[in-house]
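Below are two complexes that have chain A in common, paired first with chain B and then with chain C.
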Partner chain A sequence: MKLTFPHLGNAYIAVKALLDELGVDYIIPPFNNKKALEIGIKNSPEFACLPLKINIGNIIQAYREGADTVLITGGCGPCRFGYYCEMEREILQDAGYDIGFITIDAPRGISLKEYFSQLLKITNGINIYKIAKAVKNTTEIAILVDQLEKLTFKMRSIEACRGDTDSVYRDFQQEIRLINGAQSIKKYISQTSQKLTNIRCNTGIKPLKVGIVGEIYTTIDSYTSFNLDARLGNMGVEVDRSVTVSNWVVEHMLKKVFHLPRDLKYAEAAKPYLGAMIGGHAQETIGNSIMYSQKGYDGIVQIYPLTCMPEIVAQSILPAVENDYGIPVLTLIIDEMTGEAGYLTRLEAFVDLLNKRREMAASDR
Partner chain B sequence: MRTGGQPIEALRKGMEYLAGQLGNIEIRGAGTTGSGRQLASVIIGADIVKNEITAHAVAAQNLVPEVKTILEIGGQDSKIIILKNGVVYDFAMNTVCAAGTGSFLDRQASRLNIPIEEFGSYALRSDSPVRIAGRCAVFAESDMIHKQQMGHRVDDIVRGLCQALVRNYLNNLAKGKLIAEPILFQGGVAANVGITAAFEEALGKKVIIPEYYDVMGAYGAALIAKRKMEKSIDTNFKGFDACLRDYSARSRECSGCSNVCEVIELFSNDELLASWGDRCGKWSSRLEGRPLVAR
Partner chain C sequence: MPAKVGIPRSLSYYQLFPLWKTFFEEMGAELVVSGPTTKKILDDGVKCCVDEACLPVKLFHGHVADIKDRVDYLFIPRLTSISKGEYICPKFGGLPDMVRTSLHGLPEIISTEINLRKNKRNSLKAAMEIGHYFTDKDSQIKSAYKKAVGCYNLVKDNFEKGYIPDFIRPGKTAETKSLEKDRNLNIALVGHTYNIYDSFVNMNIWRKLENKNANIITIEMVDEKAINRNARQLPKKIFWNYGRKAVGSAMHLLNEKNLDGVIYVMSFGCGIDSFVCDLVERRIRRTTDLPFIVITLDEHSGEAGLDTRLEAFIDMVRWRCTDKK
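Showing the complex of A and B:
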């Protein structure tokens, strides 16, 4: 058996660590790019969302390199993504690709026993202790990678020489693929984080702060978002993102499996506007926007793929948040037809707007 | 003037014309804006490169300081800018459809055999406009042909088109936004009296058209450049002759990583002047005199 899995930003690092620890043979699909998207578009229904199309592209590319089984998460609740494991299996079957699917957290919701039996399927019967250790390591790596990303958000906005952060981070993404085993991966992450901290900075500047909210795939995956975080960073804006891979692993998988109480601060904040979970990350989008505003952020960028229902609902609520909290919100909707030039123009104008507002607020004081 | 798909050539002609008009004067600052802003800035040597949304807002505020809403419809895109307390508060640009832009009107005018300059006055002569499906440019066109075949008067069809375009604009861009007065209407399409009338009718408010409605973006960029240069910095402007040099642009796929960006390179006599279009800044960082990121 040769496993593969679709990309989601840097999630491949954690998944790679998991599979390394379990001693499973796997192929990481080529990183998301035009090619993956083209293959995906060709094989997917027109009105499916962008994440599904890219997933299909990833899987077919990995299949061509020899993968025979897909490891994917599913689940009841998120949005139609929860059903993508089934959708993708059928699409690929119809297109004539002979590839199997293993879904962690199947659509019906599963017990602890089932959860481990899913994992056992891919491990040729290694013991439960080893699996638990691998899961622990994977979770830690997911957290470390997210911390590293967060560090790049900060460094980009204050670096003295534009491009230093990008350069370190680019090397990291190239190298990490070739490093095997949880311990080595952790070590390389910590080395990179040291390199980032050593970047020469402008002291005494207070960068604009922007919170990124929206649908999970497009917020996390840099290719899909046209490098939203780096683009803003290189305009001197410090960004933050509440929805992350590690957050998803901890809150939506582990805590559910172990029946632990989840961190629901965002739901509490969103309550006056959206009192119920309506699927996807709509409640997170509303709640996090409010929390960013309370933390003194200058603006919010909402991003989601065309046809994403939960985010459409959130978008229609955001003007009320914008009004009540006096925080500007820019909504970006993307799909394979999105023109990059118009997208950039909007981002630039939004940053101008935020700068101007800050100037005005300072002169009022 | 129109670029006709040849921005460098258009720039050259424009600069030649300006040089002829202005005679021998000293240029102390230069700015570029619009979708060709990067290309133009490299060729002429601009001091500021500003997106068109900010440029339009700055220009409008300079003419009507208390402006609250800016409607802008150009050749390929349209935008709405909302200002509050003298600051841009919200804006939107058309994302899904070009039905509300100048090129659409151009095309329909030529279909109806009306010079675009007279298009608006046809609309004003109509007293019973035809309802035309304006959600999509392609369907609007087939609906328009259908209405022609049914025997509707050209005046009524033109007015119907103006209303459809305004409806499309308001639905796409102004959804949920408070359109308060004073309202400025700028961009090339503001020359069209039929569209202006349709806006005033749909909004029930007065729409102001600034005198130089068609170059407000450039005016805004000039103002921004002026503000910057007031700090008496030396200009980057390369002179009017710079445009006469030989320029060529080409694009290539970067193979540095999996993003496979389309990098655009601008050459002058085989010398690489600038590159852009990369997501990581590996090539474009050369442009701004930043140290080259070694790989």
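Showing the complex of A and C:
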């Protein structure tokens, strides 16, 4: 059995660590690319959201390299993502690809024991203790990778020589694919973060701060977001995003499995505007936008794939947040037709606007 | 003077109106339902709603605008779930919040959450909360609730037998429907109720098909037990109420010998339809050679284009029928 899994930003590093620890053979699909998107568009329903199309492209590209089984997470709605596993199975079956599926679903109506026995299916009978250890390591790596990413957000906005951070980070993404085992991965991450902190910085500047909110795939995945965080960073903006892979693993998977109380600060903040969980990350989008503005951020960028249901609700509510908190919001909607130039123009204009607002606020004082 | 409660003739209206009507009338409230969809209602909705929303949600905003100045309360419940283990659509869950931020000068909104996903008893809880807007007598609310549920179930059962209820019956359509042997064409019209029964949105698709002597079967006319039996065959439970019904009824109708074609009506950008339509289409293509067509609706849909496609589709279905004989 040769496993593969669709991309979600940097999640491949954590998944790789998990599969290394479990001793499973796997293939990481080529990084998201134009070809993958084209394959996906050809095979997927026209109105499906962009992540599904790219997922299909990932899986088919990995299949061509020899993968025979897909590892994917499930869900129970109402967001479409919960039904991705089934749609992908159907699409690949009808397109004539002989490929199996293993779905890790949040346990519903089954005990923890059964839940782990699902995991055992892929591990050729390794004991539960070893699996627990692998899960722990994976979670730690997911957190470390997200911290590393956060560091790049900070360094990019203050680096003395444009491109230093990008070049360190690009090397990291290439190299990490070749490093095996959780311990070595952790070590390489800490080396990289050392390299990042050593980058020469401008001192005394106060960069603009922008919070990125929206649907998880497009916020996290640099290919679909046209490198949103690096682009803003290279315009001298420090970005942040609360929705991360590790956050999703900890809050949505582990805490649900072990019935632990979840961190719901965002839901509390969103309550006056959106009173209930409606699926996807709509409540996070509203709640985090409010929390960013309370922390003194200069602007918010919302990004989501065309036809994403929860984010449409969030988008229609964001003008109220914009008004009440006096923080500008830019909404970017991505699909396979999005042109990079138009996208960049809007981003540049937004940053100009934020700069101007800051200048005006300073002269008012 | 009784309180006036406004109900937009949109979205959940097409499914749950008998329930709301009986309940509010029992509570002594006066019901104000917005008029049938018109160009003005559509334009009003498009103007105030975000561009990315689907046509039905934009229409909902238009219907709210139509009645908001004539009522004391607007009834826009937060419909998270109306059946165990299933959702409706994220936009239904966020509807009161969307309306609140997109429209101004609104009366008080009754936005009680109705969530039966974990527990069916939550519906009584929601009814109590809504009822307390009108009375303090719990017993009165309870009896109104019982009566409303009874009325709703009756309408639903009759619908499954083929009796189309008055509140949504399109135009001159006959009161009863069923898979008929003597009619020459039996066409399944699959789609969300608010697209299938709103004659403005679907550009009179009922009249158009019936003028061509076609007999229409919809999801609501399929026995729910048969729907569930078929839906259970899927490897993973569909977690949308509509999705289960659409796929289940399509699978059921495919096994009926008298079916001649399937028309799937979806709104542009509908997240659920994008998956459900694909699932239905795959099942039709895999097991049968039935003609299948997807009609996508949005605020730019042109009637001439629909006419041409429907005519071509019906012609094709008819040729197949004569060839078979």
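The rule is simple: the second predicted complex is superposed on the first by the 357 of 365 C-alpha atoms of A that agree within 3 Å, B and C clash if a C-alpha of one lies under 4 Å from a C-alpha of the other, contacts with A are read in each partner's own complex, and residues count from 1 in each chain.
Here is the rule we go by: contacts are C-beta pairs under 8 Å (C-beta built on N, C-alpha and C of every residue); 3 or more make two chains touch, one makes a residue touch a chain.
Model, not experiment: these values are computed from the prediction.
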Counting only touches as set out at the top, which of chain B and chain C does A:P319 meet: first, second, both, neither?
both
Answer with first, second, both or neither: which of chain B and chain C does A:K295 touch in the superposed model?
neither
If we overlay the two complexes on their shared chain A, which of chain B and chain C does A:Q174 touch? Say first, second, both or neither.
first
Once chain A of both complexes is superposed, is A:I333 in touch with chain B (first), chain C (second), both, or neither?
both
Which of the two partners, first being chain B and second being chain C, lies in contact with A:G342: first, second, both, or neither?
first
Tell me the contact category for A:M309 with respect to chain B and chain C: first, second, both or neither.
second
Classify the contacts of A:R200 with the two partner chains as first (chain B alone), second (chain C alone), both, or neither.
neither
Return first, second, both or neither, reflecting whether A:A48 touches chain B, chain C, both chains, or no partner chain.
second
Which residues would you name on chain A as touching chain B in one complex and chain C in the other?
316, 319, 333
Which residues of chain A touch chain B in their complex?
30-35, 161-164, 166-167, 170, 173-174, 223, 226-227, 230, 234, 316, 319, 322, 328, 333, 338, 341-342, 344-346, 348-349, 352-353, 356-357, 360
In their shared complex, at which residues does chain B touch chain A?
35, 50-54, 77, 85-91, 93, 95, 176, 257-260, 279-282, 285, 288, 290-291, 293, 295
Contacting residues of chain C [partner chain A, same complex]:
49-50, 52-53, 57, 78, 80, 85-91, 93-94, 96-98, 101-102, 111, 113, 234-236, 238-240, 266, 268-275, 277-279, 282, 285-286
Residues of chain A that touch chain C when the two form their complex:
45-49, 74, 76-80, 82-83, 85-87, 89-90, 94, 103, 273-280, 282, 306-310, 312-317, 319-320, 333
